[in-house]
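Each structure below appears as structure tokens.
You will see chain A twice below: alongside chain B first, and alongside chain C after that.
Now for the complex of A and B:
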């Protein structure tokens, strides 16, 4: 294969990871934007979504597409509800004190990972893809499912954008983000908004998980790398800015695809983490954020 | 005076324990003491000065490899490598602090985490030298300090106790000093202390370097005492552990990190004989502590009975 097609393949792989990353990171960004807390357990929600998807898909008879569809319908609400419960039982009692929330979500991360280790085991397991269409390009064949992942992630993000800008729930969420005290004074149930936001953020991670498991494997430690990458995305894009997060996800996903294809993935991770640290130090509003 | 007496009695109690514990637990105590040196340093930054860092594993790892690499590359050993490890921890902490301390709160936590992650990945990247995930086994010949053979259980325990004793007493002296008061002021209200003419950046940088020296010494000692240095010790888990030890024992108490380290170590030791998912305990402990006992064991004791405890 010559350089051109190679680059095309790298870009396509990068686009797939960008799509998944955008879903994950928008969940993290949403939670940070509205609640001003960092959810360290976000990767663990992703992993929980994947494990549950494996579980659900394995219990639905018939062709793999039914199991996968069932997972897509059932798993995100399950993970969302679990996260909302965590918000009510733990985070609310901490009064969303940022550093206490970090410690608590680190604890949650360990609990979810170890619960998966007990219930699911230490092995990596596959989930069957819902369909096995293969797109034949002149130079190489490409999985049609991966392109479907990109389209599906785009649809979910579009839906998220519509919810945020066109619905009452989105309005209430944005109002709480701007000023929680005033929102409360206007009769908004801020506790419920927070629980809903935290649940929605986790559900987005779970959607990303259900979409991605047919292309990778389910493992109880699979949440670590996506968590780090979403951190990076959210910070480069500007903490709490959804649009910046999308742009950053695209850049990071594509460059990760290209760099990992042509150079070593470890090196690309070193560069990315250092870049993030420096962005936070010198441009805390993110590369694309307008204001602090 | 009371405070000094309290800590000297505690150290005497440890010496008695070191003399009477059976071999298995004596060996564990040596590990706990080294980890307690690390956590005591972490607590200076976190408990006393209010810096929530998730990057201390980098300083611990810098100490460990700062000691281990001279051993494997040039055949050094003994006190010079311990000192070199300690210095490496301090220097790395200073370098990270120069940049990271321009941020605070959650951003500081993420910046330190990212630097530590980059450091860990760098250790993996240079796996030809560092051994990567496999790590380095240190030869017995290098594991002698001041004529003490660290491959033997008893001498190792006594040296660990000695290092911890010095680390603890220095920490007590530091937090009881004038500078210690300024550290507390940074934790309680940074803006107000700035208004009073203190420079938060400079104060926090100094504390972070001291904390890094502690972490570096602990990392070097851990490598030398137990004969192994691995990149696994630079993962984020080793930043979370000293935080957990401090929270459990009492953030902002001098003896707290040791109590937290001991309690957690023996709890995990017990639970891991029942299940391989023993880290679940770490998660539960973190949430329970932050929800119901944010002051930790010694913090509770101080609040109830011993208000003079540093």
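Now for the complex of A and C:
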């Protein structure tokens, strides 16, 4: 394959991973921004979303598109509600103490993973794509669904941005982010904002899971890698900054696509991790993060 | 490193624990059958119950339990009842070494067996050697016969990768093509494939035109397909782990219905996966190596039906309880055959307790002929006591109508190679 098509394939692959990463990481970033909570269970929420998507899609008769759509509608609220319950029942009682919250979410990660292992089993299982369009380019074929994932992720991120900047819920969330005590003094129910934010963050991971699951497959350990990449993205972009998260996701995704195709996949992981180290040394607040 | 207390003056905690354990064991003893008066033979099983090997672990446990039931019903081993102690290693090498310790020191097992994933074997075997406990692996890796391990580690229940590949290569070169691109996992198990297949196909006048190593945690493969040279006639793929379906699906998207190379895969890619899964249509007409054909062949031996019934697998290779629960059929027989190998060696050596472990290993090394029968449902084997490795025949199957149909069986001799080590000259 010559250089042009090779680069095109690398960029397309990179764009897909960037889109999914942006969705995942924005959830993580949102939770940290508003609540100052490092959610180690974020990848487990992603996995839970995928398992539920498999379950829902398997119980809807008719062509695969209905099952997938049902999953897209039902699963993110389910995961969101579950996360909100975790916030109210566990994190709130720990008073959002950073170390305690990290330990608690690690525990949650294990509970979710082992629950999936018991209920769903150790095997990898597929979810049918809603449509099977295949694009035949002159040099190679490519999945049309993957390009749809990019577009859909873009739409979800746009909606998230509108919610954050144009709605009352977004305003309340931003107010809580700036100053929790003052927000409470103005009559904002901070507990409910926290539960809502934690739920929204998890729901974003679940949306990413439903989108990505037809291109990969459901497995109870699938949350590990996305979690790691999300942390890398959020650290580079700046914790709590949506814009930074998006830019960082694009950098990580595209560089991963190009570097792993032209050189080696391990090299791209090395570079991403090195980038995190450099950012932490020279710009600890991240590319777009505000100074703490 | 952890050491175990073996002093003669027990600590207070040890006494209390012992009393507690005695109470539990005592009350359990009330409901035990009468024949359990002879002390049972305790076999430790290093099980991949969690982690990436969990699909295999589930079936290894079922298979070992089935063999155990059969053996105990027939009077146990050397007149003693047998029990298996399962301990989860999380498919993790560091944990694997701890499990060896635990099974040996805490549970007091007579020996340890059942490990599949090669990195866990590599992590655990040295500890088994230090503890001087017989360690019988079911992992296919060439690491036993290569001489990398020790006198206490044996692989009597499954043929190793080098032998599998040497017996496959002539068929691949003769029937599919001579210019091969290889996809393999980027760790020890994959390197065995890379090195030995490359050599074996060159011996047939063929050539490996590209070697593409995939990191074990990879989830997307399209990017690697761009590296497949256009002259490729055969795509050789061996992948392990949950990414397999994606690999095949993306291969289908990449090539579409246009011209494509022949596919030859190791069934490791599709263990525990239904070959009729939507998205796998691309595999139709392609070939797979199988140790033990998943779909019962028309010419299956006499023991096949009994074995399937015992382990609860139907003629399509799925659980009789759930047709969606597909077995890891080409590997799990090794747990069964290893247990029968243990039986044979324990009875031949007159093994009575841990003091006889060395005698037990020597008795294992003395075994050579392992004929076909219910003890070896996969087929007859020859055990090489010097290299601690068993050799058996292999099968090639073709996917027709979404099902694996056996098309070729190799002989044991086709998979033989010169000894690389003589463990019997090493000290215990």
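Methods note: the second predicted complex is superposed on the first by the 287 of 292 C-alpha atoms of A that agree within 3 Å, B and C clash if a C-alpha of one lies under 4 Å from a C-alpha of the other, contacts with A are read in each partner's own complex, and residues count from 1 in each chain.
Throughout what follows, contacts are C-beta pairs under 8 Å (C-beta built on N, C-alpha and C of every residue); 3 or more make two chains touch, one makes a residue touch a chain.
Treat the numbers as computed from the prediction; the structure is a model and nothing was measured.
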**OP:** Check the residue A:134 against both partner chains and state whether it touches chain B (first), chain C (second), both, or neither.
**Re:** second
**OP:** Once the structures are superposed on A, label A:103 by its partner contacts, choosing first (chain B), second (chain C), both or neither.
**Re:** first
**OP:** With the two complexes superposed on chain A, say which partner A:278 touches: chain B (first), chain C (second), both, or neither.
**Re:** first
**OP:** Report for A:93: first if it touches chain B alone, second if chain C alone, otherwise both or neither.
**Re:** first
**OP:** Determine, under the contact definition given at the top, whether A:10 touches first (chain B), second (chain C), both, or neither.
**Re:** second
Original post:
First (chain B), second (chain C), both or neither: which does A:266 touch?
Top reply: both
**OP:** Mind working out whether A:115 is in touch with chain B, chain C, both or neither, as first, second, both or neither?
**Re:** first
**OP:** Kindly classify A:172 by the partners it touches after superposition: chain B alone (first), chain C alone (second), both, or neither?
**Re:** neither
**OP:** Once the structures are superposed on A, label A:225 by its partner contacts, choosing first (chain B), second (chain C), both or neither.
**Re:** second
Original post:
Can you list the residues of chain A that touch chain B in one structure and chain C in the other?
Top reply: 114, 117, 122, 266
Subject >> Touching residues on chain C, where the partner in the complex is chain A >> reply: 50-52, 54-55, 57-58, 186, 214-215, 217-220, 222-223, 225-226, 241-246, 249-250, 253-256, 258, 272-273, 277-279, 325-326
Original post:
What residues of chain A sit close enough to touch chain C in their complex?
Top reply: 1, 5-6, 9-10, 13, 16-17, 114, 117, 121-124, 126, 128, 134, 136, 140-143, 215-217, 219-222, 224-225, 257, 260-261, 265-266
**OP:** Write out the stretch or stretches of chain A touching chain B in their complex.
**Re:** 38, 90, 93-94, 98-100, 102-104, 106-115, 117-118, 122, 228, 231-232, 235, 264, 266-267, 269-270, 273-274, 276-278, 280-282, 284
Subject >> Residue numbers on chain B that touch chain A, as the complex places them >> reply: 52, 99-100, 102-103, 105-107, 109-111, 113-115, 117-118, 121-122, 124-125, 240, 243, 247, 275-280, 282-287, 289-291, 294
